[in-house]
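As written, the chains take the letters A, B and C, and residue 1 is the first residue of each chain.
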Amino acid sequence: MDVRPTSEYTESERRLHQIVEALIFAAADPLPPKRIAEVVHEVRGQAPELGAIEDAVKRLNERYAAGQHGVQIERWAGGFRMTTAHAVAPYLKAFRTQRHQRSLSRSLMETLAVVAYRQPTTKPEVDYVRGVDAGYALRKLMGLDLIDVVGRSDAIGRPLLYGTTEEFLVAFGLDTADDLPDLRSIEELLDDPAFDEERAELMLLRELPVQQRPSDGPDPSANGVAAADGPPQTDEDAGPDEATGKAA
Amino acid sequence: MDVRPTSEYTESERRLHQIVEALIFAAADPLPPKRIAEVVHEVRGQAPELGAIEDAVKRLNERYAAGQHGVQIERWAGGFRMTTAHAVAPYLKAFRTQRHQRSLSRSLMETLAVVAYRQPTTKPEVDYVRGVDAGYALRKLMGLDLIDVVGRSDAIGRPLLYGTTEEFLVAFGLDTADDLPDLRSIEELLDDPAFDEERAELMLLRELPVQQRPSDGPDPSANGVAAADGPPQTDEDAGPDEATGKAA
Amino acid sequence: MATYRVELDQFEGPLDLLLFFIRRDELDIYDIPISQITHEFLSYVRLMEEIDLDGVGDFIYMASILIGIKAQMLLPQPESTDDGTPIDPRRELVERLLEYVRYKEAAAELETRHDRRHELFTRPEKTAHDALQTDGAPRLTNATVFRLISSLRSLLTSEAIAEDPAHTVDRVHYSVDEAREAIRLRLRQTERFSFVEALRDEPRGKIIAHFLAVLEMVRQGAIVILEPPSRTKFFVARPDTDHLS
């Protein structure tokens, strides 16, 4: 069931696959290909090409998939890590009942998203994007080792710069922060029919038929005044700096 | 190259092999077949025969051997344990020099913080700030390449001066020591009412009265004016030495 | 217009609440009826104040922005750009709202990713370390600037600092007898332990006392020393310990 029979590889290649598999299995952290090359060099006096190591991992994953194995190799934070396969997740969850993965609250997740996409970024920027004081959320995320102070900005007052950590990459299954899916552009957002319609599931809102709202509803007289219509701008490139500059 | 092609097994058998492999891989200790049966029972409502689990392990080992894999399953203390294959033992031995995970103890972290903020600084100064003998912690930090001797003080006895290293910057993800948060940022970062900025300034930035210490604590007139408030320096080109020189 | 009871704590902030109004009433984001929305917004802020919800300050701040926009829109002569095009006072708010939506989406995406990632299980750390008996320079797991700074907190908030260093740097005397007792006690609880691990971060005097105690106890046959590959580290064990285990 293998994609290609093992015999199509040279003995030397097969041996490298075996070594790569064993080392990734045994490592306590995501194992960088460079480290594997070093180990091989230490034993053989000659290091394999990094490309050959990448190939070995690819080949191993092909074999795991074809052979319906319970493990696989992921690439996280620049290194290789052996994990169980998605298909058997329910069994692993039943097995590891004690270790419940704590999920992040929505405000932490939003703050983390802002830091991850705008990094390095400052607290005023994060405050501005979310419209709330981010101090608590930032401290909380730092306590979870998901973000850290990565330096100080050259701007006036030299505010602290925040960025994501390796721990973040591993927790979210990313190789590098560049692997985050692109943010949707404003245009895409506006073209999405769902935007103007119900998007309650995104907002996680529970809307219930009313009991009395505290206000008496809209003030109809106001609408007429707001005449200036038409989109003032659609510049999707309006970057973080510009936005925050305004806020400051 | 498998002993028998995977297709000779029923889907249900193949699925069990997958589960058994994943559970043994992820277990912290040798995993008894009974425990595997329990987990499967919990998810499916029906437990497999223990014999089927033994078969699964046998089959997995056949496949590991035939496919020249880097891992295998051993039976230890009544349970199954995944280990690396004998053939790759030399590589695993070479890999043992892998940097193992270690976190800095509180006392080391405190000492490191004092050196980072007071650098270049002497042992008596660090002793004074921490209130305990820092000799062990300093040696330990030097052993970890986080701090190093950077010179000798002109003070009586010409004590050694300590400062942080490149390795420190790498470990903490900073470009220069100047990227460390300044006092104002620290206060904001911690948001702790008990954090006393004056005291912090005194401890971290001013010359400490260690050598011939006046009886009632530091003399603010000596250098208090210079320390004023805000960051010790705003010159972004100032290296660590210069920065601390100014502050002291 | 339908009315809804909104669970206030479901909102992550004022932008979230504004978005809710816009979506609920299917408003054109580029033509927000600012007066209506300000009015609604304010009634929620009042409610928040009443039930004393956290973060009400952020909502009040947004309310002031809304009122400011409303006032500007009532002015006969709106501000204009250099080329004379009038600037919609709502523009910045709209930009912020759209930007915020992007990050909300990203957060939802991250959450999915997080859930999916945690369906993958790795070997427990303990196991991985067992397999390796690692050596060499350790990789620091808690080397974050935040932790470094947090450690300053304890230093700078402790009362001990102001004391005379001549008194705080007391030398404590460690006796070999005490060390021997400590080792005995330890071996009653565990079959063996790593000498280095046990005394990591301990004062030099204590380590020396323990080392002398170990030498003495080995000679008496009260303990044995197990030597793993690294010669600088050794395990202290009960005499009956299986050396290979």
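What we mean here is this: a residue touches a chain if its C-beta (ideal position, glycine included) is under 8 Å from a C-beta of that chain, and two chains touch if they have at least 3 such contacts.
Remember, predicted model here, so these are calculated numbers, not experimental data.
Both chain B and chain C are touched by A. Taking each chain's centre as the mean of its C-alpha atoms, the one that lies farthest from the centre of chain B is A. Here C is the chain whose Cα centre lies closest to the centre of all protein Cα atoms.
Here the CA centre of chain A is 17 Å from the CA centre of chain C.
Centres computed as Cα averages put chain A at a distance of 22 Å from chain B. The multi-chain contact residues of chain B, meaning those touching 2 or more other chains, are 22, 25-27, 84, 92, 95, 98, 100-101, 173-174, 181, 189.
For chain C, the set of residues that touch two or more other chains comprises 121-123, 125, 129, 131-132, 134, 139, 142, 144-146, 149.
Residues 25-29, 72, 74, 81-84, 86, 89, 92-93, 96, 101, 103-104, 106-107, 109-110, 112-114, 116-117, 128-133, 139, 142-143, 145, 148-150, 165, 171-174, 180-181, 183-184, 186, 189-190, 195-200, 202-211, 213-215, 217-223, 225-226, 228-233, 238, 243, 246 of chain A are the ones touching chain C in the complex. Looking at the complex, you find that chain A touches chain B at residues 1-2, 5-7, 14-15, 17-23, 25-29, 35, 39-40, 42-43, 63, 67-71, 82, 84-85, 87-88, 90-92, 94-96, 123, 135-136, 139, 148-152, 154, 157-160, 163, 165. Only residues 121-127, 129, 131-158, 160-165, 168-169, 171, 200-204, 229 of chain C touch chain B when the two sit together in their complex.
Interface residues of chain C facing chain A in the complex, by the touch rule stated above, are 1-7, 10, 12-16, 19-20, 23-24, 26, 28-36, 38-40, 42-44, 46-47, 55, 57-58, 62, 70, 73-74, 78, 86-88, 90-92, 94-96, 98-111, 113-123, 125, 128-129, 131-132, 134, 139, 142, 144-146, 149.
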